[in-house]
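In the two complexes that follow, chain A is the common piece, with chain B as its partner first and chain C second.
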Partner chain A sequence: MSLIVAAFGFGLVSMSIIAISAVGFTMQFGITNMINLAYGQVMIASAYAAYAVNNAGVSIWLALPVAAVFGALFSFLLNRLVYAPFQRKGTNLIGMVIISLAVSLVIANVMLPIVGYYSVSYHQNPGTTYHLGSIAVTGEQLAIIGVAVVVMLAIHALLRLTRLGKAMRATAANPTLARNCGIPTARVIDLAWLITGALCGIAGAVAGMNSDSFSVASGSEFLIPIIAASILGGAGSPYGAMIGAVIIGEMTEISAAIISPEYKQVVAFAVLVLVMVLRPQGLLAKRGALAAAG
Partner chain B sequence: MTYYLTTILVYAAVDILACLAISLQFGVSGIVNFSFIIFQAAGAYTAAVLSLPRDTANGGFQNYILGLNLSFPLPWIAATVVGAVIAVPIGLVALRRLRSDYQAIAMLVLSVIASLVVTNTPAFLGGAAGLSLVPQPLSDKFNPYSDSYQWAFTIGALILAVIVFFLVQRVINSPYGRSLRAMRENEAAANALGKNAVALKMTVFIAGGAIAGLSGAILVGFITIWAPSTWLYPETLILFAAVIVGGRGNNYGAVLGALLVPVGFEEATRYIPPFGPPGLIPALEWVCIGGLILGFLWFRPRGVLPERRRVFPPRRQVAEVGNPSASRD
Partner chain C sequence: MLASHHRVGKGAGVLFATLSIGLAACGSPTTGGGSPSSSPLLIGVIAPFTGADAALGPAYFAACLPAARAINNAGGVMGHMVSCQEFDTRGEPADAVPAAQQMVASHSNLMAVVGCTSDEAASVAPILNQAHIPMFCMTGQSEFNKTTLTYFHRLVPPDEFDAFAMVGSALDHFNYKKVALVFGNDIGSQAFVGPAMTALQHLGATVTINQAIALGQPSYRTEVTAMLATHPDVIFTEALGPTDATYMAEVKQLNNGVMLPFMGTSATIDPVWFKAVTGAVGVQTVVDKFTAVDLGVSFSGPGYDEFKTNLDAVASQFPAAPTYSQRGATLHLYDGIMQAALAMDETKSTDPTVYNPVIRDVGNGVAGSTTVNTYAAGVAAIKNGQKVRWVGAGGPTNYNQYNNSQQGYILVRYDASGNEITIGTLTQAQTAAIIAAGGG
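Let's turn to the complex of A and B:
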C-alpha cells in the first residue's frame, strides 16, 4: 500500500511534466489544426540547449528560461519555414502528419552528431527530501510541480482574460470567420507557436531534470504520454489536456509500482486505445476552449 | 559476388512487396499506416518461431514461444495469415470514423509500443536480443550455403514479388479499386454513394497486412536473424519515402521507389568512404530520407511516376446525336 502511495507522489511530478507539454501540444493542434509529431524532438533539443548553459556552470533553474526561449524560437521557425508553407500549398491533414514525422526524423538526426550518442544529465542539486507519510519528494520535484501550476494558471489567464487569448480561441474555432472579423490570424498563429514552443521548451528541461539522464532517443518516449493525455482530454482542448495529464501521470506511475516500470508507456497506450474506442472525441472536446473542428 | 547479388535482390523483393502494400494502403486508399513495420515484424517472428526448433535446442541460449520446427512452406503461409489476422484488431480500433491524422498517430504510437513490449518480454520473442539461427526454408534437404540454393531462394522471392505485383494491379484496376480511390478522394461522397468506407479500409488493411507478413517471412528466411532493432518505427517512414518518391497509387512507382530508396540508399552508403565520427553516416542517411520526403512533397508530390489519371471515355454517341459541340470535352 505504501508503495502505491509513494507512487502517487511520483505521479504528481510526472503529471506536472505531462501537463506542461500536453497543453502546448494540444494548443498547437487546436489553433493551427496540425498534429506536430516533431514536438518530442523540439523538447529534447530544448533540453540540450538548457544542458549547454547548465554545463557552462549556470544553475539549471536559470537555464530553464533558456530552454523556453529556445523552444519558442525553434517552434516558431519550424512553422514559418516548413509547416506554414506546406499548409498554404494545400497539403492535406495526412500529408502534414507525414511531414511532421519527417521533420522529427531530420531534427533527431541532425542533433545526434552535434550532441553525441550518450545520455547526459544536468548538474543539479535535488535539494532536501520532504516526507508526507510514504510520499517522498525532493525540493526540486516540488519546484517542478510549482512551475506546472504557474504555467497552467498563466495559460488559463491568457485564454480567458486577454484579447490575445480570445483571438486564439476564435482562430481555433473558425479561422476564416476570425479573419473576416478583423482578427490578424497570421499574427495570432505566430504567437501561438511562440507560446506553445515555450511550453515545449520548459517541458523538455523539466523532463530532463526529473529523469536521471536523457538522450536524443528520449524524444519519441516523451511523445507517447503527451499524445495519450491530449487525446484523452480531447485533442485541441487545453483544459482537457490538463485533466488528461493528471490521469495519465498517476496511472503510469501507479502501474509502474504495481506491474513494472518498463510497461509505463504501455499503460498510457492502453488508455489511448480505450479512449479511441469508447470516446474518440475525448473527455472535454465539446466544451474545450480550443475544440478542434471535425 | 553471388552473396552480394542475391542479398541485393532479396532485399529488393522484400522492399517491393512492402512498397506495394503501402502503395495499396496509402497511395490508393489514403490510409496512413504508420505501424506498417509491425506487420512485417509479425510475419518475420511468426516464420521464425514456427521454423525454429524448441527454445531448449542450441543449448537454450535464446527464449521464445512455440518453436514448432515446421517445414517450408508452412511458416511462410502462417506469416501471411498472421499479418492479415493482426490487422483485424488494429484496424477495428484505428480505422473507425476518426480523423485521418488521428488514425495515423494512433498507429505510430502502436508501433513504438509494440517494439517496447517485445523488447521488455524476453521469454516471448527473444526480447532485445531477438532471434537468431532461424533455419532457412528447406535447409534440411538442401545445403543453404551453396550458390545454387542462394539463387533459388532469390528467384523464389522475386517470383513472389511479381505475383503480388499482378494481384495488386488487378485489385486497383477493379471496380473495388475504383471504390477505394473514391474513398481516398472524398470519403463523405463515397459514403453517400453507399460505399462503406470503414469496411473498404478494413479489407485494404488486411490485404496490406498479409503482404507485409509475407515480406517479413522472406526476409527472416534469408537473413536468419530478427530483433526489435530491425523494425523500429522510422523503418516505416523509409517505405513511405519510397512510395512518395516513386509515385503513390502507381504500382510501377512503388517498385521504382523500392529500388531507389531502401535498396539504393543501402548500396550508396556502401560505396561512400567512411568519414566523420562513427554513426555520422547513418544519421546523415536519416536526414536525407526526411529531406527526400519533404522535398518530394514540396516539388513533386505525385512522385517520379505519377498515378495515371483515370478518365472515363466521353459518351461520344450520345453527345454527337444530341449536340455535336459537346463531344469536345
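Let's turn to the complex of A and C:
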C-alpha cells in the first residue's frame, strides 16, 4: 500500500509536466487546426537550448526562460515557414499530420550532428527531499509542480480574462466569422504559436530536469503521454488536457506499482481506449475553455 | 471547445491514437581512406542509429571505418576500394526489415554486413543469408547458438553468457547474495534475464526483484522505490539510451544520496553509456559503484595497435571514433571485416558463395597458416602463397561449426576518464560451473 501512495506522489510530478505540455499541444490544435507531431521534438530542442545555457554555468532555473523563448520562436517559425504555407494551399488534416511527422524526423536528424547521440543531464541540485508518509518529493520537484500550477492559472487567465483570449476563442470557434468581425486572426494564430511554443519549451526543460537524462530520441517518448492526455481530455480543450494529464500521470505511476513497470504505458493507453469507446469526443469536449465564448 | 469548428471529434482521436512512426534512414557511403576505384566494395552497417538504442550504431560504424582505411591503404581488396554505409534499423524489427531489403536491393557490391544487434538480428539475418552476404552480428540471442544460417558469424558470446559472467562475478568476486534485475524491456536486454535468474537461483543467491522497465521514460521513481524496498546487494542492469541514467539517478536520490553497487553487461562498457550515467549520477559514483563484465580482450598487441592507429586516423570522418578504442564490439566487428577481406584475397573472388566458407579458416587458421595482425601483412602472406590466420584487435578467433566464437570474460570498472580497467577474470572452471547452473 505504501508503494501505491508513493507512486501517487511521483504521479503528481509526472502529471505536472504532462499538463504543461498537453495544454500547449491541445491549444495548438484547437486554435490553429494543426496536429503537430513535431511537438515532442521541439520540446527536446528547447531542452537542449536550456542545456547549452546551463552547461555554461547558469542555473537551470534561469535557463528555463531560455527554453520558453526558444520553444516559442521555434514553433512560430515552424508554422510560418512550413505549416502555414501548406495550410494556405488547402492541405487537409491528414496531410498536415504527415508533414508534421516529417518535420519531427527532420528536426531529430538535424539535431543529431549538432548535439550528438549522447544523453545529457542538467547540472542541477534536486534539493532537500520532503516526506509526507510514503510520499517523497524533492524541492526541485515541488518547484516543477509550482511551475505547472502557475502556468495553468496563467492559461486560464489568458483564455478567460484577456482580449487575446477572447480572440483566440473566437478564432477557434469560427475563423471566418472572427475575421469578418475585425479580429486579426492571422496575428492571433501567430500569438497562439508563440504561446503554445513557450509552453512546449518550458515542458521540455522541466521534463529534462525531472528525467535527469535525455537525448534526441527522448522526443517521441515524451510525445506519447502528451497525445494521450490531450485526447483523453478532448482534443482542443485545454481544461480537458489538464484533467487528461492528471489521469495519465497518475495511471502510469500507480500501474507501475500495482502491475509491472513494463506495462505502465499500456495501462495508460488502455484507459485512453476505454474513454474513446465510451466517450469518443473526450472527457471535456463539450465543456472546453472556449465553448461559451464571450 | 477550441476545436469546435473543425469537426474532427472522433476522427481526431482515432487519428491521434493510430499514428505510428516508421522510417528507415540511410546514410551516404564513407570511405576509409585510400584512392577511389571503379568498382568499390561496400560494408553495410545495419544497426540502430536512431531510437532508444541509437548508441549502438555508432560503435559499429566505428569498427567499419578503421577497417576500410586499413584495407584501402593496403591497396584495397584485390584493388577494390572499400567504403562503409549506415543503414538505420531504429532498433525495431519493423523498421529493420525494409532497411535490410533496401540495402540488399540497392547495393550489389556488399562484401559484408556488420551490426545486426539483438533488436533486429532475427529479422535481418535471414534476409542477408538469402542474399548470400556474410554478416558479423552483435546479437546475443541464443537462437543463433546453433544457427543454420551459413553466412552468419558472431564474434561475441550469446547474451546468456554475459549473464552468467555477471552472476559469477557477483558471487565469486564480490560475494553479493541478493540481486535486483533491472533490464530494459527491449529484446536485447531481456535476453539476459532468464539465464541470470536461473543461474542465481541454482547457485544459492536471491533475485530480490526482476524489473523489465520501459525504455526512455521520463521517470522510474515508482520502480526504484519498489526495487529499494527489496534491499538488494547489487543491481544487475542493461537499459540503454538515457534509461539507466534516469533510473540510477533516482536510485541515488531515493536512497538518501547513497548509490547501490550496480553491475552492467558488456554493452554498458560504452562511451555513450558512460557519459549518460556519469552525467546523471556523477563520475565518482560510477567509478566507485559500477562494475561490468566485458569480453575477454587485452587491448594490447600488434593487432590492437593497428586497429587503434586506424581508429584514431578516422576521427576526421567520425570525430567520436577514438572513444571506441575499448569497446569490445567495435574491436570484434573490425576483426570480422578483416577476416572477410582476407578470405576474398585468399579465394581471389568477390563472390560471397566462394569466400564465405573461407572466413572461418581465416579466423581459426588452418594447419600451417601464418598468423597476421595487419591487413597489409595478410595480403603479403597470401601473395606468397601462404594461408593466413587473422589475430586482430580482439585477439584470436575460435569459430565453432555454427560460426560462433568466444573468448571468456573479464570483470571491469571505469576510471574517471571512462577508460576500462580490468579488476578480475573468470576462470574456465568458474565459468563452466555457472553455465551448468544456468542451463547454458
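The rule we apply is simple: the second predicted complex is superposed on the first by the 289 of 294 C-alpha atoms of A that agree within 3 Å, B and C clash if a C-alpha of one lies under 4 Å from a C-alpha of the other, contacts with A are read in each partner's own complex, and residues count from 1 in each chain.
Everything below uses one rule, namely that contacts are C-beta pairs under 8 Å (C-beta built on N, C-alpha and C of every residue); 3 or more make two chains touch, one makes a residue touch a chain.
Only a predicted model underlies this, so the values are computations on that prediction, with no experimental measurement involved.
Asks: So, on chain A, is it clash or fit between chain B and chain C?
Replies: clash
Asks: Considering only the touch criterion stated at the top, classify A:A136 as touching first (chain B), second (chain C), both, or neither.
Replies: After superposing on A, A:A136 lies in contact with chain C but is clear of chain B.
Asks: May I ask you to decide whether A:S121 touches chain B, chain C, both, or neither, giving the answer as first, second, both or neither?
Replies: The second partner, chain C, only.
Asks: Quick check for you: in the superposed arrangement, does A:L93 touch first (chain B), second (chain C), both or neither?
Replies: both
Asks: Considering only the touch criterion stated at the top, classify A:V82 as touching first (chain B), second (chain C), both, or neither.
Replies: First partner only, chain B.
Asks: Would you sort A:G236 into first (chain B), second (chain C), both or neither based on which partner it touches?
Replies: Touch status of A:G236: second partner only.
Asks: Classify the contacts of A:I247 with the two partner chains as first (chain B alone), second (chain C alone), both, or neither.
Replies: Neither partner.
Asks: Quick one: classify A:E262 as touching chain B (first), chain C (second), both or neither.
Replies: both
Asks: Chain B or chain C: which reaches more residues on chain A?
Replies: Result: the larger residue contact count on chain A belongs to C.
Asks: Touching A:A172 in the superposition: chain B (first), chain C (second), both, neither?
Replies: So A:A172 only meets chain C here.
Asks: Scan A:I44 for contacts with chain B and chain C and give back first, second, both or neither.
Replies: Neither: A:I44 stays clear of chain B and chain C.
Asks: Pick out the shared contact residues on chain A: the ones touching chain B in one complex and chain C in the other.
Replies: Shared contact residues on chain A: 35, 37, 93-94, 97, 101, 105, 108-109, 112, 117, 220, 227, 231, 235, 260, 262, 265, 272-273, 276, 280.
Asks: In the complex, go through chain B and note every residue touching chain A.
Replies: Its residues touching chain A are 30, 32, 34, 93-94, 96-102, 104-106, 108-110, 112-113, 116-117, 120, 233-234, 237, 240-241, 244, 276-277, 279-280, 283-284, 286-287, 289-291, 293-294, 297-298, 301.
Asks: Sort out for me which residues of chain A touch chain C in the complex.
Replies: The contact residues of chain A facing chain C are 3, 6-7, 10, 13-14, 17, 26-27, 29-31, 33, 35, 37, 93-94, 97, 101, 104-105, 108-109, 112, 116-121, 126, 129, 136, 138, 168-169, 172-175, 207, 210-218, 220-222, 227, 230-231, 234-238, 253-254, 256-257, 260-262, 264-265, 272-273, 276, 280-282, 284-291.
Asks: State the interface residues of chain A toward chain B in the complex, per the touch definition above.
Replies: 35, 37, 82, 85-86, 89, 91-99, 101-103, 105-106, 108-110, 112-113, 117, 220, 223-224, 227-228, 231, 235, 260, 262-263, 265-266, 269, 272-273, 276-277, 280, 294
Asks: Looking at the complex, which residues from chain C come into contact with chain A?
Replies: It comes out as residues 1-6, 8-17, 19, 21, 23, 25, 49-52, 54-55, 58, 185, 211-223, 225-226, 229, 241-242, 245-246, 249-250, 253-254, 256, 272, 275-277, 279-280, 320.
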